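Next come two complexes, and both contain chain A; in the first it sits with chain B, in the second with chain C.
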Partner chain A sequence: MNKWYASLGKEADTVVSTRIRLARNLAGIPFPSRMTAEQRRQVNEQVRDALFADTTLGKQFKYLEMETLPDITAEAMVERHLISPAFAARREGKALLLSEDESVSIMLCEEDHIRIQVMEAGLAPEEAYRTANAIDDALSARLTYAFDERLGYLTECPTNLGTGLRASLMLHLPALEASGGINRLAATVSKIGMTVRGTYGEGTKPVAALYQVSNQVTLGISEEAAIENLRAIAAQAIQQERALRSSLDPDGIEDAAYRALGTLKFARAVTSQEFMELISQVRLGVAMGVIKDLPLATVEELMISAGPASIQAAEGKPLDPAERDKARAKLARERL
Partner chain B sequence: MNKWYASLGKEADTVVSTRIRLARNLAGIPFPSRMTAEQRRQVNEQVRDALFADTTLGKQFKYLEMETLPDITAEAMVERHLISPAFAARREGKALLLSEDESVSIMLCEEDHIRIQVMEAGLAPEEAYRTANAIDDALSARLTYAFDERLGYLTECPTNLGTGLRASLMLHLPALEASGGINRLAATVSKIGMTVRGTYGEGTKPVAALYQVSNQVTLGISEEAAIENLRAIAAQAIQQERALRSSLDPDGIEDAAYRALGTLKFARAVTSQEFMELISQVRLGVAMGVIKDLPLATVEELMISAGPASIQAAEGKPLDPAERDKARAKLARERL
Partner chain C sequence: MLCEKCGKNVATTHIKTSINGVVESHHLCADCARLSHAVQNQFGLSDLLGTFFGEGVKTVPYADKRKRCPGCGSCFDDIVASGRVGCGQCYETFLEQLLPSLQRMHGKAVHAGKRPRAEEAAPTRESELEALKEQLRAAVNAEQFEEAAALRDRIHAMEEEGKDHE
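Take a look at the complex of A and B:
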């Protein structure tokens, strides 16, 4: 089955993906940081059974006990944005429900008991929210959530109280980055309760000009309003990025994009950092139509498959950095 | 007809080409620097007629009055090492006899009345000398050279007195250059009356790790001994370069060579300097067998066709630097 990132979404020139995350906890059970091993097991199994009891949804998922997975597999999942770095780092007593196309991942006993995450290619917050909502409904039909009339869904961290919703977009903004316009965008974004982060979330640096934009406020604002705000910010970022792109020298863009493509098609060793810089140039070239005959989805797939852990997971064995750089170059040659 | 550089010579991994030059003057006529226009015309035509009178040799040559050629054509000839920069810069009253495969060029009224130059691919000083000698014999059968029993052939510049012979090799020495070993080689070379120069001769810088090695002394040494010395130096340079190449990290060489190839196959604009750096890497990769399926002769042809004037001559019109860089990139993409 094709993974979610193998298809092309809306506004794909600038929007790589949309992610919706819902945080939920079960009533009467401590938050994960204070749970016993037995309580974790019980929560994991309760949620699993609740999902599997839904005959339509249930069969799309597999249940993974995180502590049984090799480090590399878990780290590769972080690179694919399926799980959080913290979830991969301390896997004891944690479990994951993962849909076949990897568009839905449900982390169990992460910061909260349940973290439903839905990914969609391109700009699709409503679609992603609809899917998350359906899963939420299926679970809540069989589980009792910790919910307060005044505060909404209760979560371990107060920043998630209320809707428990985080809606975010992964934006490819090479022109805004090069022009220094990112800081202005970030300032605007923060005024409406949203934030711009690096590629792998809070505290991480942008890689390949990939930026996460997401809502900060979950209390006193409806899910619909949060998604509305995200759309509004996205529209601004897309418009600014496109305007800047169209003001760039087309010959320079074409040359840079094809050089990056040439290097990726021919190099014998490529570090992760260089890879991301090159693929960003290629993505821009494809998005602007200067590189033809290369589907954007191929670029997306390659981008999501070239992290250090993903490379090792694909090769099925641990590799030292030099071996990884060779395997990464080989992967790029084969895919491009 | 294929040009001389389209075939591959001996020791082609390190020796790009061999050049033999003989300087000759006609008796009883001032050296070119003090000739009248009428005397130039007479010398040019006498030499032309002498060559054309030889039925075998004559039909291989065309006769070009240099002042009738466009600047670009003359400059492209310099880039192909057919004529000297000085000969291209001041063309009035000068003429050229050029063989069809461009392996033999005879400059008339350059520094001396006659400069016979023979090029061969790879290491072939004897073959080149034999060809030069045959032309010299054909001309001397019909012309009276300025010759002195004690001094040998008389030439305008005393450094050419005697044999009038300059034997030189164009060597590709990227590993020696990178290791800093070129200076040691140059010191050794100078001890036996030879010299190491840049790519375009005296006072020019090496480009693409291409070095000219040639004899300095023409007096008191036979042609055979000069060629013997050149062979000895070549053997040393080749041996040192090969030893250094085999000590290099093969993975690094392969990666660098393929990256250079990838850039040349995909870039949309390449400056002359970058082109030479890239093609030097590619040449090394092909010579060391890490790049397969790319004939070294293709690299040589491209290398000799990518100078600013050659690019314009091929396009048939003057181009500004940005247009040249695009045309050069296009040429590289097509040829590779």
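Take a look at the complex of A and C:
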């Protein structure tokens, strides 16, 4: 079965992916940071059984006990955005329910008892929410959630109280970044309870012009309103990015995109950071129609498979950094 | 094409400017483009959390400091120290202490979203009225008088409606 990122979504020229996350906890059991090993096992099994009891949904998931997985497999899952880095780092007593196409992952005993996450290619917050909501309904038909009339779904961190919903978009904004427009976007976004962050970067320097926009406020706002806000911000960012792209010098774009493509096609060793900068240029070239015979979906798939752990998982053995850079270059050559 | 500023890196940012009819092209590398615009990373969740419990601590009277949650045994200091709430019952136990922080973070501290299936049938007139009254108090406190007036009208309407049914 094809993975979700191998298909192309809406507004793919600027929107890489959509992610919806719902945080839920079971009533009467302490939150994960205060749980015993026995309580973790209980929660994992109760949620698993509740999902598997649903005749249609149950069939689509497999249940994984995280501590049985090798480090590389868990880290590769982080690179594919299936689980959080913290979940991969401390796997004891944690479990994962994963759908076959990897678009849905349910982390058990992460920061909350249940974290339902749905990924979609491109701009699709409504679709992703619908999927997450159906899973939530199926679980809550068989489980009793910690819920309060006034505070909504109760969560370990008060930042998630209320809907427990985090809706985010991964945007590719090279032109907006180059024009210095990210700060303005961030200012607009923060006014309606949302935030913009650079992704893939270490510290303050964003890599590959990838930015994540997500809602910050979860209490006092409905799921629909939060998603509407996200859509409104997306519309604004997409429109600005497109306008700026069309004002760029096309000869320069073409040169840069083909230089990046050339490097990726012929290089013998590429670091993760260099890879992301190059693939970002290629992505812009493909999205603007400058590079013609390369499907955008191929670029997306390559982007998600080139992290250090994914490279090692694909090779089936641990590699030192120099070997990884060679393997990454080989992967890029083969795919492009 | 190499960056026109540093001459070292490949130019990846191509800007065309048109000032008074004079069109100019600039070709910069990512580093030089960033330097010229200083793209700054945005505030994230951790900053919000850093200030989250700050004020609540001082306002808790001494007697309350020894209060423990019947669900998980946490006291309010445990929550402040870890930044994590112990269990669902903690919210009930320490609601008063938590509310100022919740309101700072979320604004209106009244749930407006989905409800679990088991309670779906339950949004009774009473609970809805209670929520509206809470919103009214918040609006008055925040001096949002237009919103407050609208809320007050809705509450009146609901109370009138209630009388008709009795």
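Quick notes
In the analysis below, the second predicted complex is superposed on the first by the 330 of 336 C-alpha atoms of A that agree within 3 Å, B and C clash if a C-alpha of one lies under 4 Å from a C-alpha of the other, contacts with A are read in each partner's own complex, and residues count from 1 in each chain.
Definition applied: contacts are C-beta pairs under 8 Å (C-beta built on N, C-alpha and C of every residue); 3 or more make two chains touch, one makes a residue touch a chain.
None of the values given here were measured: they were computed from a predicted structure.
Legend: residue contacts after superposition of the two complexes on their common chain; A:Arg268 is shown touching chain B, with no touch to chain C. In the superposed pair of complexes, A:Asn2 makes contact with neither chain B nor chain C. After superposition on the shared chain, chain A has more residues touched by C, the comparison being chain B against chain C. In the overlay built on the shared chain, the residue A:Ser246 is in contact with neither chain B nor chain C. Residue contacts after overlaying the shared chain place A:Asp137 against chain C, while chain B stays out of touching range. Applying the stated contact rule after C-alpha superposition, one finds that A:Glu277 touches chain C and leaves chain B untouched.
Contact with both chain B and chain C is seen for A:Arg259 once the two complexes are overlaid on the shared chain.
Contacts of A:Thr36 after superposition: neither chain B nor chain C is touched.
Residue overlap on chain A between its contacts with chain B in one complex and with chain C in the other: 251, 255, 259. Residue ranges on chain C touching chain A, taken from their complex, read 1, 10-16, 25, 27-28, 30, 33-34, 36-45, 48-49, 52, 71-72, 74, 82-88, 91-92, 98, 101-102, 105-119, 127, 130-131, 134. Residues 25, 27-31, 33-34, 133, 136-137, 140-141, 144-159, 161-163, 165, 174, 177-180, 182-183, 186, 190, 193, 195-198, 201, 203-206, 216-223, 225, 247-249, 251-253, 255-256, 259-260, 277, 281 of chain A are the ones touching chain C in the complex.
Residues of chain B touching chain A in their complex: 251, 254-255, 258-259, 261-269, 326, 329.
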